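So that we are looking at the same thing, I have put the structure below in structure tokens.
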Amino acid sequence: MSVSLDDLAALVGGRVHGDGLTLLTGAATIRDAQPGDITLADSPKFLGLLATCRASAVVMPVGLGDADRPTILADNVHDAFARIVQFFRPQRAAGPTGVSPRATISPTARLAEGVTVQAGATIADDVEIGEGTVVYSGVHILSGCRIGPNCTIFPNAVLYENTRVGARVIIHAGAVLGAYGFGYATKGGRHLLSPQLGYVELQADVEIGAGTTVDRGTYGATLIGEGTKIDNQVMIAHNCRIGRHNMICSQVGIAGSCTTGDYVVMAGQVGVRDHVNVGDRAVVGAKSGVMCDLQPAQQYLGAPAVVERDEMRLVASLHKLPELRKEVRDLRRQLETVLAARADQAKGATKEDAA
Amino acid sequence: MSVSLDDLAALVGGRVHGDGLTLLTGAATIRDAQPGDITLADSPKFLGLLATCRASAVVMPVGLGDADRPTILADNVHDAFARIVQFFRPQRAAGPTGVSPRATISPTARLAEGVTVQAGATIADDVEIGEGTVVYSGVHILSGCRIGPNCTIFPNAVLYENTRVGARVIIHAGAVLGAYGFGYATKGGRHLLSPQLGYVELQADVEIGAGTTVDRGTYGATLIGEGTKIDNQVMIAHNCRIGRHNMICSQVGIAGSCTTGDYVVMAGQVGVRDHVNVGDRAVVGAKSGVMCDLQPAQQYLGAPAVVERDEMRLVASLHKLPELRKEVRDLRRQLETVLAARADQAKGATKEDAA
Amino acid sequence: MSVSLDDLAALVGGRVHGDGLTLLTGAATIRDAQPGDITLADSPKFLGLLATCRASAVVMPVGLGDADRPTILADNVHDAFARIVQFFRPQRAAGPTGVSPRATISPTARLAEGVTVQAGATIADDVEIGEGTVVYSGVHILSGCRIGPNCTIFPNAVLYENTRVGARVIIHAGAVLGAYGFGYATKGGRHLLSPQLGYVELQADVEIGAGTTVDRGTYGATLIGEGTKIDNQVMIAHNCRIGRHNMICSQVGIAGSCTTGDYVVMAGQVGVRDHVNVGDRAVVGAKSGVMCDLQPAQQYLGAPAVVERDEMRLVASLHKLPELRKEVRDLRRQLETVLAARADQAKGATKEDAA
């Protein structure tokens, strides 16, 4: 399949610069593009890479500069390039729609119109699933779950009993919602599991990454607020209440009973100890270890996490520490010279006195 | 369903204070409770929160103080409240019991009485499963595994060949036992997988969190000792021998061939390098990086991990480092004044001598 | 089953020292071995442990020393012991071969000769699978994937649409390839998912650990180069290009758009921020946090990661920090003595002048 640059420009509402009759057969990023491909240069950095790129054409934002080959100029290059990529490699449908005869669905489950359940998924007793929701193969939804409309639940996600999921939620492969919290009472040298009677609640527009785990509350909900996005391999422990529109990056771990406000951001591999409260719009840098409550709209970093500029100052001081030790040794030497001189002087004076 | 406070008190063996005829329709934690609910206040902190809580009644320990509403006084409030929660929201059964015709079970597998295997689970050749064990949907148990009685294996857990599991073990969703260890010999620039002939052994009463992975031993067992509890997303590498009654929190990673004693505790995101031995009852603080053997009954912290009070002292010193640098600059300045004065004096003395 | 030491030696091409008629019934590592077992002592450390080991015989390398019991001397003890372990406990086959009638396979999928697909696996539209590849139970391969020959895909791995997998790749249980990247544009206070049009490509001889996640590229590939080995619970974010023959240990997280050269090594729990380039043969120590580009063939450590010997020097300085603070206090005290003496002297001089 080949298409002219003019036709692609018309598709995305862009303006052509150079030969509009250039024929294109694919779209690829600047490092992968081959002759026949159209590529994307969205920043000055990429203009430099163009020199060695073999693409036959390029999509660029208006005002970035002159390209060395036929160009589509677009106001929103990412929208434009995304549409071109999809033109050449249409996004695949979820596969068969409707309820597969190879899915196992309890007679007491209630599925709305237009629900898809693929082969090998299981839906237990008294589960409700809203209109348009897609349940992929290998998903297991245990009894009493309530799933809203237009959700996507990718293969092998597991929802333990009574999980509540709002509208338009996306749950990626292998995520586990509602496993038991890590709470034990130790009696006679044995750890006894405490009550595990709660559940997980995801509000509308939440997204849960692949392999992420959210444990159930002890008695009530572990809550993920509306619009919050959680990356892969994140751990949210029992009884946490995560606010709305948070961004929680990969491999973050939040211990039991924490709360976060709205628009909180946590970078990769952050750890938060139990019972900590994080204020609205707080930002926690990568690998930080949060040991106490965080103020709203502040940036934090380090383990233990402190205000970011303090941590930067600490790290700078730390890197000057070998130099500081040398300086202190030097001071010691000079001071000893002074002290020795004074001792000599004193001895001299004593001699003089004696004289 | 509504029930009187008197009846709930009788159910849990508690004593009523206030109006025993108060009618209740649910149980919820102090932040979620609505009129009609009974809630829990187990510490002075929660007494304060009661003021703004809309619950119609409360469960409290004897001696905590006076509540502002009808109360059940109980000796063990958590037992009491757990029973009340279960009264209103009975814990759901595992779903259908017995062996599902939609499970795939080898004819050479041996299942004891009262085993449940749900739809979509697979049990391979020569597997043995003990009485009363429940295997949820999507669990895959490869050949030669030996599973004890009264275990619970949640959906999508995977047991590679020859895994041994003791009695009453709980394995949460998505856990993987027995994948290959990360051991390679490099020959001619290629990494060649070393022998992967061992297996994983979980002793009685072990619990394994969601998404946790335990790799098989090279030749023999990777062992998890009796009663040890492992949280979500923990990684235990090949040939480790974890002791009895350990508590290993979320996102801990233990590299190959480590051993731990009994009653060891590791907090979240701890890393342990390979071939380290950890003594009985050692406690390792969150995010620590353990680089060498740890003594019994000591508390450790930091990366590299040292005795906790030393790490605390280091962190305190570190936070005073910018101040220390200022102090050293100040000393330098003052010392230079002294040195300059001495130089002047010396020059003066020389002049005097000269005179 | 019992076999003589002579026969085992013949099997592995080793030389017998001691009683070749010793009968053996199993093989076990030095800590587990019982009478009747043959064990392995591959280093001087293990010679010491032999004293308390109950094994009836031992495999040792030529030149390690004299054992206290019947011995097989071998040039490559690990090859020899691996063959002995397999003699006593033959590695189990993958289970039934061929395509299970309980697998769900799209009529548009193309499976080569000798492909195995077990019960409960699903293969979507337009998937291609090469000769000799084994797809275990519960694996889900979404539409458009291309899988090479002689791969092994363990239970419950998930390959999102268009994933490309080279020859001889091993993917362990619960791994997820091709979930959406964590990329959002925030408009009007809501996080909107950016285009997720790319895919994951694993080149030949790659191995992917249990629970590891590799996200798809935005428009093109997230690439794992030939021969690279990735351990359990590793996170590789969207648009990364990992080089050839890397070794990436457990719980490492690499953020979006990073590149690594060939033969890079990352130890456990390393984090790498987005858009970082790591040179060929760079080695990054455990728990490091990589914040900027790394040079080839250097060793790095720390968070932020610096050249390893600098980090070692920093840590050493840090551990002497409390001592340094004491030294500075001491200098201050002595300097103040000097200053006080000068002040007295000056006062004296003034008095003298006045006199």
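Letters A, B and C mark the chains in the order given here, with residues in each chain numbered from 1 onward.
One rule holds for everything that comes next: a contact is a pair of C-beta atoms (placed from the backbone, for glycine too) under 8 Å apart; a residue touches a chain by one contact, two chains touch by 3 or more.
For clarity, every value in this text was computed on a predicted model and none was experimentally measured.
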Same or different contact residues where subunit C meets its copy subunit B, judged by the half mark: different
For subunit A placed onto subunit C, the superposition rotation in degrees, Cα atoms, nearest 5: 120
Rounded Å distance, subunit B centre to subunit C centre (Cα mean): 22
Residue numbers of subunit C (touch at least two other chains): 120, 138, 156, 174, 211, 233, 251, 269, 318, 321, 324, 328, 331, 335, 338
Touch list for subunit C against partner subunit B, complex: 27-29, 31-32, 40, 78, 81-82, 85-86, 89, 91-93, 95, 100, 102, 118-120, 136-138, 154-156, 170, 172-174, 205, 207, 209-211, 227, 229, 231-233, 245, 247, 249-251, 263, 268-269, 286-287, 315, 318-319, 321-322, 324-325, 328, 331-332, 335, 338-339, 342
Interfacial residue positions of subunit C with respect to subunit A in the complex: 104, 106, 120, 122, 124-125, 138, 140, 142-144, 156, 158, 160-162, 174, 176, 179-180, 182, 184, 189-191, 193-195, 197, 211, 213, 215, 217-221, 233, 235, 237, 239, 241, 251, 253, 255, 269, 271, 273, 289, 303-304, 306, 313-314, 317-318, 320-321, 324, 327-328, 331, 334-335, 338, 341
